[in-house]
Amino acid sequence: MKQGNYRVLSNRLIAHATWEMVLEGDTGSLKRPGQFVNVQVPGKFLRRPLSVAAWDNATLTLIYKVVGQGTDLLTRCRPADSLNLLCGLGNGFDLSPSGQHPLLVGGGVGLPPLYQLAMDLVKAGKQPHLIMGFGSSDEIFYEDLFRRLISVTVCTVDGSAGIKGFVTQAVPPKGSDYFFACGPSPMLQALCSWLPFSGQLSLEERMGCGFGACMGCSIQTTLGSQRVCKEGPVFAKEVLIW
Amino acid sequence: MNTAVTLCGIRMDNPVMGASGCFGYGVEFAELYDINLLGSFSFKGTTLHPRFGNPCPRIAESNSGMLNAVGLQNPGVRQVIAVELPRMKQFFHKPVMANVSGFSLDEYVQTCALLDAEEQVGWLEVNISCPNVHLGGMSFGTEPAAAAEITRAVKAVCKKPVIIKLTPNVSDIAAIASACEQAGADGISLINTLVALRIDIKTRRPVLANRTGGLSGPAILPVALAMVRKVYEAVSVPIVGMGGVSCVEDVLEMMLAGATAVQVGAANLVEPYICRDIVEDLPRAMARHGIEDLNDIIGGIQY
Amino acid sequence: MNTAVTLCGIRMDNPVMGASGCFGYGVEFAELYDINLLGSFSFKGTTLHPRFGNPCPRIAESNSGMLNAVGLQNPGVRQVIAVELPRMKQFFHKPVMANVSGFSLDEYVQTCALLDAEEQVGWLEVNISCPNVHLGGMSFGTEPAAAAEITRAVKAVCKKPVIIKLTPNVSDIAAIASACEQAGADGISLINTLVALRIDIKTRRPVLANRTGGLSGPAILPVALAMVRKVYEAVSVPIVGMGGVSCVEDVLEMMLAGATAVQVGAANLVEPYICRDIVEDLPRAMARHGIEDLNDIIGGIQY
Amino acid sequence: MKQGNYRVLSNRLIAHATWEMVLEGDTGSLKRPGQFVNVQVPGKFLRRPLSVAAWDNATLTLIYKVVGQGTDLLTRCRPADSLNLLCGLGNGFDLSPSGQHPLLVGGGVGLPPLYQLAMDLVKAGKQPHLIMGFGSSDEIFYEDLFRRLISVTVCTVDGSAGIKGFVTQAVPPKGSDYFFACGPSPMLQALCSWLPFSGQLSLEERMGCGFGACMGCSIQTTLGSQRVCKEGPVFAKEVLIW
């Protein structure tokens, strides 16, 4: 983990109530896709945890949905503003157990960590397929960016784009042998019974610190108590107790 | 310039400590900076048996503060002694404060006795105040007689200084502090969190799975200062002051109110380097306010 | 869509009220907007005799809140009736809440009886909690028996609904609320301010001339919500909820916790139009959260 | 009183720890010199009361000393930033009881309200004289601006400029017949016994609201209890009880 000030390079609306922010600063603490940052929002006491959607040597990208006061305040950031981040939090996805045809499943703002993951899987010579789930077509983001990398199936709950229904309405490509997922808890739970193979899931929990100090985010697993911010947010399907 | 203070006979390089539940066993902070620069810290509340604590959400936000209902998650005293203390020894070389909770007199006594025997433990901080656990410490901390009873029982099995940590959710905290002092407490620690509730208007449910939680953070500083002062005027044992401290000025204010040592809780969670920064700011702040020796200001408000 | 609520038999267009001590006699706000759009307001705490209150400084700041030690400055009940109520009549045409304090049972009784006879007064709000006055209401508000005694005495001389306003500085606020209910209280109002202290490190003196003061403002909202809920579960009379309310969502949260009417205090001082804004935001917020009738959400947290 | 958002036109250091801020916005509620505004400082709960040093149709000038967190935050305001003000607070100075040769006495950041007052007195055909008191020469501000309007005596406590000592070391011009003063409380108290003629003094008190609602600023006077923010901040010498 690294604390630091990051400079806003851009901050723009990319879909209904969904924003993409690119920040410049030290990304040395980021090791794996699925790690997150904890963002200080001026005027709010707690930091806001957000997954890193992509990073390189000098920049990182966040994608966030406006759901409350903190994310609303974030939309006011302008280029050259500075944000204080705890960077490089959590374990992130482990690519090694994946077979050749991993299935990525992301619901709404669960998709961001899957973007860096998709890039890394492709780089590792795998052929991932992505199922993206949204409520409605106006919420869709990053479809083109994902399609440039991998094959994609889109689902919307209201049927306004792609397959109508939840992500579990999609048909995974034949040969899928492992999965990586991030999204709302009911989706993750449904996936675990739907998909016959093993996989990793990124969870969300309300956090005090984000770096393991407060036990604010502990969940019960088959490995005992685990902190979502430290041992997680990514857990193997097998250790989760629903 | 002197920043050292003496808490119940143990010298501390400075009065700044991490507060229980907000500093884990020090591991996470030791990865960030050398935590030996702190006066000390109080480790996560320990019970006789392992506890998972409350279901999530355990955390809610509020203005200038946060609510927690962690529910005393800890691996139990035997695991703390077998695993956490030896690990801590590798990176922390000062006496540490052992924070203890329990659900019966007997549990308090057994847990304290076990920790008292550990060389690394400098003080026992007996939390009779945690508001999160339904059957928990609350009852001990709201009645002077019960607070005195637990103090006497723990004192009887401990050689190390016993500091009783009080809840602010009472009508007369001075009466409880006095009862503890008369029962032999070597120090008083305060305040724990204020009972608090947040409701999610969308779901119409409490934000916390436990419904209520404990409020801490800068929001509660003025309440903590009033209580530290009230207790300072009622007892002669040293006071460990806490509640909302988040900068070096808050440390000085807490000491002026009556604290010999000052703990920093919730602020660590949002500013992981805050304790280091406060320790580093201390000499500058002392110079700015004409303080040569920190001991001179303990309890030193002028009326 | 219905924003009207009924408080002790009196219909209010909406539950939003200015809190006592933060809304004067309405004059300053009536210069800014038509205060008839409020549900009502509670006027400055009134005592039998005129009181100058405490020396200055009476105000201190804190994180997301403020301390006050005004000390119940008011011109005395006779002047309130002779001057303030007639003046108020010119710009406020709804029943107003009369906030009463005293330093003996007899003072409470006399003051309440005089105000009860005033046509403009809709409810009596009996403050047994003000923490600022050395010999003040504190004692009545911290003991169930004393709270019951004052309730009975005031009820005996009043025809209007009597609402007892409680202090949060107690171990068990539900016990005190229940005692008041059993003694005939028509409603319970809470919370008053939390006892608090700030120290000026430069001068090493308390910021407030009175040393301690009462903390209010957004910092205390979660404490207020917990207490309102606790009292809601203990009594069946209506509750006037307050403490840290500063936006329409806070009003809804307070009502979900158990309040029938909601007072806004310190927020008026820093945002003079806040009560008007909240009343105007109310229908929009209700629509957003699927609330057709505000009465449906009173006490309606789901567990 | 008027609440509104004001646009920062400039904000600059004009003397040791002393800043001048010019704001653009509705000045219609300002009627008299000596009135003040109550400034919302983002991140602070209470507003900060500051005297209006000068105003015209569209702008107003504040001069403030950095003494704590709120005034420190104000120094970070940049042109085009917006500040929320309650404007036109307090009674202000009453020019009518003044004779032809009013004496103005200002200590440190008590001087700002005397600047608009000096302009108004000159406009009314009077010949004011100003005694300015500072701790040290590096704290002096607005000396030139005042000298363009009226005659001025400077005092500094450390003698680094002008007369060494407090303002009471200065000799008021012969014929002085009335005074207007603003500054620290001990200075005002000293003035009342030092100056043989009548006058008006602007007081400071910690405030909750600044517009008369909270009784946070009441003082005892010969007229009974008076709110510094509403009946004041300017009081006639005769009504004050020291």
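Just so it is clear, A, B, C and D label the chains in written order, and each chain counts residues from 1 on its own.
FYI, a residue touches a chain if its C-beta (ideal position, glycine included) is under 8 Å from a C-beta of that chain, and two chains touch if they have at least 3 such contacts.
Quick caveat, the model's predicted, so the values are computed rather than measured.
J.: Which chains end up grouped together through touches if chain B is skipped?
T.: Taking chain B away leaves a single connected set, one piece.
J.: Provide the labels of all chains in contact with chain A and in contact with chain B.
T.: Both-contact set = empty.
J.: Which integer distance in Å separates the CA centroid of chain B from that of chain D?
T.: Averaging C-alpha atoms per chain gives centres 46 Å apart.
J.: Can you give the whole-Å distance between the Cα centres of chain B and chain C?
T.: Whole-Å distance between the two chain centres: 33.
J.: Report, in whole Å, the distance between the mean C-alpha point of chain A and the mean C-alpha point of chain D.
T.: 56
J.: Can you check how far apart chain C and chain D are, centre to centre, with Cα atoms defining each centre and the answer in Å?
T.: 36
J.: Note the residues in chain C that touch 2 or more other chains, in rising order.
T.: Residues 60, 62-65, 218 of chain C touch two or more partner chains.
J.: How is the touch graph of the chains shaped: line, ring, star, complete or other?
T.: Topology of the interface graph: a ring, with each chain touching two neighbours.
J.: So which chains actually touch one another? I want all the pairs, not just one.
T.: Inter-chain contacts occur between A-B, A-D, B-C, C-D.
J.: If we count contacts the way the header does, which residues on chain D are in touch with chain A in the complex?
T.: Residues of chain D touching chain A: 42-43.
J.: Going by the contact rule set out above, which residues of chain B touch chain A in the complex?
T.: 21-24, 27-29, 31-32, 44, 52-53, 56-66, 68, 70, 73, 207, 217-218, 266, 268-270, 272-273
J.: Where on chain B is chain C touching in the complex?
T.: Where chain B meets chain C, its residues are 60, 62-65, 67, 142, 169-172, 194-199, 201-206, 211-212, 215, 218-223, 225-227, 229, 244, 249, 252-253, 256-257, 289, 297, 300-303.
J.: Enumerate the contact residues on chain D facing chain C in the complex.
T.: Per the touch definition, chain D meets chain C at residues 1, 3, 40, 44-47, 86, 205-209, 211-220, 225, 230.
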